[in-house]
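Some structures are shown below for you to check.
Look at the two complexes coming up: chain A is in both, with chain B in one and chain C in the other.
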Partner chain A sequence: MSLQKVLGKTMQLDDRKSSGEKTDRLRRSIDSATTIPNREVDDLCEAFVMRVITINFITCAVKACKASASSFPLHFQDVEVEQQEVHFEPAFIQNLLPRIDWTGLRTTAIELGFPTVPDIKPNNDTLDEPMLRDLHRLLLETQVVEGKLVCGNCGHEYSIKDGIANFLLPDHLGSSPSLET
Partner chain B sequence: MNEMADSKGRSLAMGKAYEEKHVHEVYQQIAQHFSTTRYKAYIGCGNGKYLAVNPNIFIVASDRSEALARIAAKHQPHSTIVADVLNLPHPYSFFDFAMSIAVVHHLSTRTRRVQAISEILQTLKVPNDTDQGGRALIYVWALEQKTSRRGWDKGDQQDVMVPWVMRGSSVAESAGHETQTFHRYYHLYEENELERDIQSAGGFVLESGYEKDNWWAIAVRAPENDESISATKLL
Partner chain C sequence: MIPTPSTSHVSFDRIYEPAEDSFLLLDTISSEEESAWLCRRFSKEIDQSPLFIVEAGTGSGVVLAFAAANPKEIFGRSDVLTLGTDVNRDACKATRQTVLRAVDDKRMGYPGEDGLFSRLDLMPGVDPGESGSVLEVENAETGKETHFLASMTTDLCAPLRARNVDVLFFNPPYVPTPDMPPLPPPSTADESSSMSKWEKFERDSYLLSLTYAGGLDGMETTNRLLDAIPEVLNPWRGVAYVLLCGQNKPEMVKERICDWGGGWTAEILGADNMQAGWERLVVLRICRDGPGAASPSTVTKG
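Up next, the complex of A and B:
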């Protein structure tokens, strides 16, 4: 079985809401998002970004912290934030929404000074275009270029440099078995 | 022969330090060259090429090598971070899908390989009566690759150093056109070994096979102490 087939087979998503047309549009939006406009780029140092959405899928790498509610979400500190225009694709945001931890997103939004996140996660009935645009702006267009992510449980700080967050742990925090058993 | 890894000797040595020297440092050095060749050759972990398969998803890609992560970030729009497979910064029981291509075979003891698989599996949603849970796809290099140019086969040494030959001009830092050879550590998986490691890591293999010098498996988390969910239900 080819890897493509395995992936096709395994990565089945909820496609009920997505017509082929929507899928095409999503693909275009993803393609267009790879090229971030208005930024000087060179061969290697191109537009690395830490989108706000990312932080909703991340917690502290220290194992003891994962069981603690205070480790999620990690907290932004001393951040340099940029807004980069990304092609607006409502269906992408809509499909993302069920995966979002809303309480976590609200915490993050407040830390970044982003005021327009509603108290309660919108559902398909309450989701209108202005709200989708707000979410698009927060989740995809708001990008952290420099700064720190801090665990609310252990206090460990992870650095973000040039848009890449580094979650490698120092030896004393990581779990790293060395001996064969 | 000094270059060959000795599994007995290393079993007493520090696996982490060993991998630092023989995997991580090498990938930092060859990242640029590695990525340009690999990108076209087949789907690589985290470089985003597979997004075309199904664009209707959001992916967090990670790599232990910052140099590789930076190249991955350039190629795909989702998210790329630097992380260690033994200490992944993701919540437990969270993802619908996880994919690890050509990663686990770089861990230098069985304990570390099993822990890496366990760490991947733990990011997956737990199967229950209504939900089959998250699935992981894991690819590792096979010992049985008689027809490849390397020619290893059943019965050969499984812990090997594999040369990566790079022309000087491919690395910005290296002047001239000298050829540089780097060696990366690999544990070559023999038939059924990946399945065994997945079981030891608390996983249940749904499907597995061999493709082009690699063993692969799709696994879910085995339900823990819950007899109401039988393994057959997962299928």
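Up next, the complex of A and C:
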């Protein structure tokens, strides 16, 4: 039964493919069957992990925590980090700053042992290249490989393995209606 | 046509293989009309902060990779941050590889998988022997401001901070089914190598069921994502692209979104060129277009 359903989403598409209609999408589907050689980037992928800036865009997955200020930023614990060289584009970092929650970043920087983040968010007058380089290094070049992210409100721990954080929730914390069926 | 990102490294035993629904999303966002709309909405003159692009339920990651590798063509700017989510940890791994390969392919001037023409063909007078370097120069900017942040194992947008997403993609499990597979518990996200053949088959079938089974009207998962949209999208410039099939009743979904108020609107795109087969696929574009939308974001410099 389940296999038959598996074919459901794809079978309808196969029907269309065999109808012989030459569309861009058909071309796309044929093309994606061809392969190109793997290159160094695949080695890079193996090593690739979660950039620190990710922390600026996430919070606790538990719905009840969203309203609480202490659910952001999530706290890094027992982390293993790696540095990966990334092309430095000063204007990019400068334009990124308005999106950064500075208080949160300060907390993260301290947890990761990054001493150089200033207390107050730099503005265009106080920003200089060394500061932009420091931020670049922390936000984009520092990668979290292993560890935990902990919510400051509910204490829930999210594990990070091979740079992939796991935000799936146990039944009693989840919000999915499907879990009740 | 912008080439489809390569997914030759992905095992499709338990990850959804890119198909016409994925390709409709790619063609829709890269169409002349749509990218012109996106370029206007995300003009640097309005807001300089880099775009935060998220795909929920990435599967192979082909849609996110397409956006990450071609931001200039689609959004008119190359400074983008991308992030993918999927309940399947294997899909998370596949996604980061698909995204990084696509960005690298673009930078190296690979023609992609069309194999139909390379950009070289459009550049008369270029000695093919030197062409590699010419293309590298042409695409040198690619990847310098395009940063893939992470792949995360999660249900839809659950851990995303409010009002931050500029572009959200979702190709849902849209097939109507009598019931919904439950979401995996946290522990299943970890690989277990000690499975019997049968257990592995069961597990793969279950993971695949998550890619298509949509429950009532095929909308149960999509409805949960729609509910999250007003919360996660950047209220000023955010836009979401959600794929729907005819049985999802796109017109009704569209009306429902327009009833949210607060300037939220929905448009049905890609409907006229998808009439073959038994099911009609469309892309729903959702954004806020009321007064103040697409003006400088709430965040200010300093």
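As a working rule, the second predicted complex is superposed on the first by the 132 of 181 C-alpha atoms of A that agree within 3 Å, B and C clash if a C-alpha of one lies under 4 Å from a C-alpha of the other, contacts with A are read in each partner's own complex, and residues count from 1 in each chain.
We adopt the following convention: contacts are C-beta pairs under 8 Å (C-beta built on N, C-alpha and C of every residue); 3 or more make two chains touch, one makes a residue touch a chain.
This structure is a prediction, so every number in the text was calculated from the model and none was measured.
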Contacts of A:Asn124 with chain B and chain C, given as first, second, both or neither
second
Comparing chain B and chain C in the superposed model, the one touching more of chain A is C
Contacts of chain A common to chain B and chain C in the A-superposed view 2-3, 6, 8, 10, 13, 15, 23, 26-27, 34, 44-45, 48-51, 53-54, 57-61, 66, 72, 86, 92, 95-96, 99, 158, 162-169, 171, 174-179, 181
Seen from chain A, its contact residues with chain B in the complex are 1-4, 6-8, 10-11, 13, 15, 18, 23, 26-27, 30, 33-34, 44-51, 53-54, 57-63, 66-67, 72, 86, 92, 95-96, 99, 158, 162-169, 171, 174-181
Listed in rising order, chain C residues that touch chain A in their complex are 1, 3-4, 6-9, 16-21, 23-24, 26-27, 48-50, 52, 62, 79, 81, 83, 85, 87, 89, 92-93, 96-97, 100-101, 104-105, 110, 112-116, 143-145, 147-155, 158-162, 164, 173-175, 177, 179-186, 188-190, 205-206, 208-209, 211-213, 215, 220, 224, 273, 276-279, 297, 299-302
Residue set of chain B touching chain A in the complex reads 11-17, 32, 42-43, 50-58, 60, 62, 64, 66, 69-71, 73-77, 79-84, 86-92, 94-95, 97, 99, 109-112, 115, 135, 137, 139, 209, 211, 216, 218
Chain C partner, complex, touching residues on chain A are 2-3, 5-6, 8-10, 12-13, 15-17, 19, 21, 23-29, 31-32, 34-36, 38-39, 41-42, 44-45, 48-51, 53-54, 56-61, 66, 72, 86-87, 89, 92, 95-99, 121, 123-124, 140, 158, 161-171, 174-179, 181
